[in-house]
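One structure coming up, written as structure tokens, with questions to follow.
In this document, chain identifiers A, B and C correspond to the written order of the chains, with residue numbering beginning at 1 in each.
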């Protein structure tokens, strides 16, 4: 029943970290960093990249390092977005925050659970990042989740190769490749397009990213809705993204959180499907007989994992926070 | 005038088997099998896979083997859908129906003209199938048409490589690669999408499948319309698929046949274009002078073959059945 | 700041040749050739291919060779479209017009600035063309811009490989790869589709071509609008193409020129963005400090080049012609 070709990191029992909302918190602003536990997002991003001016990068690294020590979060993925490899700032980000550039290396439990790597255009950039990560880890058993960004035509063209390399590193235990973000603003600039309200010019990119990410059993985080006041448009595009296969969406303002969380929460019908499928599978496991058929469909591991992921998202939502 | 890179199986003189309608007939139901000659579809599929419950697989193989002996069809492609390689049931399907697992091997003229292989996600699965097919053929000169399914993100991502391998096997004379089916239900589950009425979430997959299949000069069979009562919607999506480049469509109920057959029958305008092009080409062949230009366009072999295929579909439709 | 992987031909200082309108002028018609300087298009194409009947090819080559001697154009790209490699006429086109097949080889300044190569389906065709071009160049330092056509499913499938090979040849200085044209009519015939008014059946092809071309920093020329009388539709599809990322459009009649030129001229908002970005970059260069951030975004070379290209298009438009 198990389909070929999925890496061991796609193991059915791997923990699922819901990231319906991925919100950037600028690293240079200690006040905003302190408020993270109350944000009510699935994934809070300690931001070093575009949200931080070039002359504030050093301060941002210092603040983030401190924040990782004092922040206590529940049901939240605390992530770090470093600068891109092409900026040549990534090395210092990792050196300061994960490594020992500005103090004793932190304990593993005080390191970010997830690292976000923007602007991955070529396999080489993933290689550069990985070498640096290995170097700053030193002897600690730190294996963060990794989420990369597709933000250019090169990144889209090379996505399959980059994901293959990421799967290889994941099997080696250097990080756990877990998701892809569509950075649509840079992508639109790269193709020289104008954004239209229905994003017609992005159909190819937006759907190719889903298809390749899902082929590697990864989460996919949809593009930013830039107009903060347009909650109606935000709702529409969030639901559209969720129906298309995205598992979450980038958020740039607290106003956007509620709408996005709701759009990416599985519907009761989906939850019921998932519960019954899993119950059926467990009963079938006990009987030990052949293939498992549910509602007339032969169930394979990817579908079972999808069902489990749906329940994990829901469980996380309903836990007291 | 001949473009490079088309395998010898794309020879202009190859027989064209119309498959505007591809209908599944469950192998465990002898009554339905007996009615096949009167179905009025282009391609009737003796079904071993999803349409047959796991505890009926053995019976289905037996019934299909018998049906192949007694069924007499005219102007119809009698096809066999085996189970997927990942189910590990494919070997027994081929062993029982094509090979000698449950009796003397059948004569070539009583074997299915076409084999449908679902859930081909990786080149390796095509290799596994081919090895098994070669083994069960024994000494008989059996060379079925092969049609594979794209039903997952892996299958879509690897489609080009899989088609290249299939073209290679076709040149070796093991089978004749002839078409691709878009298995949209599994694909939608795989990307975690919700189906919408206009199938917007499937634009990338649906059109990529056409583009790659046509690059290898293959037929392309469009997705199932699941709502059996919705004949209006069926008509709309059938016409849409035909206009997009699909050559046929899967059918799950007799009610759907007429609508789908009509949508995939070439229009009179197309037929006239094809007839005149071929007449022009034949006259040009006699004169023996240089390139052939028709209605201002230089005609290459793919276009000529497309014209011939249009006429073959039409001829088949109008033959007394 | 510089992203990896762009070939040296994508150098920021390379001259940008605007080609908002690409218009074919049949080589067999000396009257039309003589009127080229007054056409008011960005790129006038001396046509040997589909616009010239097979028995007029020899005459067309002769006319074009003469036209290149007498034509004086300003702010216009004078291009040559040869026949496809598969037609086996390309060799004679190049031999007669660029080489010495019908007279002394012309001086470099009387050779076409750009060559258009249609129907490039496989890398091998680009290799064949390049070998021939090298051969007819002889000792002259002639390095034309090259623009290739995607007109088939094979060409679309192999586009990435073809562009890689073209980038390699460009680095070797044989030609300067500069753009890709979407030949939609042949493509539609190749996938067996019917054209619809909103070109829905072409979304995948049309957007994939943009994405790959832009990954190699190339111009992208959109499909022909065949209905010459339909200026409203022409305007709509031109604007749509421009918003999607196309940099220009093929034109088949003088009536179409004005509408297309306007649609592909950058808007005042874009021009202002480009001017301010470049001014900011120049100031930043003087200060010599780190990365350059503009309107909150870190600016990389591709974006800077895009800004420069916008200004170059505008400068060219406003120059007295």
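Going forward, contacts are C-beta pairs under 8 Å (C-beta built on N, C-alpha and C of every residue); 3 or more make two chains touch, one makes a residue touch a chain.
These are the chains along with the protein names UniProt gives them: A, B, C = Citramalyl-CoA lyase, mitochondrial.
Treat the numbers as computed from the prediction; the structure is a model and nothing was measured.
At the interface between subunit A and subunit C, under half of the residue numbers appear on both sides, which makes the contact a different-residue one.
Copies subunit B and subunit C of the same sequence differ by a rotation of 120 degrees once their CA atoms are superposed, given in steps of 5.
A separation of 39 Å divides the Cα centre of subunit A from that of subunit C.
Contact with two or more other chains is made by residues 203-204 of subunit C.
Contacts from subunit A toward subunit C in the complex involve residues 49-50, 53-55, 86-89, 119, 121-122, 124-125, 152-154, 156-157, 185, 189-194, 196, 200-201, 203-205. On the subunit C side of its complex with subunit A, the touching residues are 1-5, 160, 203-204, 207-208, 210-212, 214-215, 242-245, 247, 289-291, 293, 296-298, 300, 302-303, 306.
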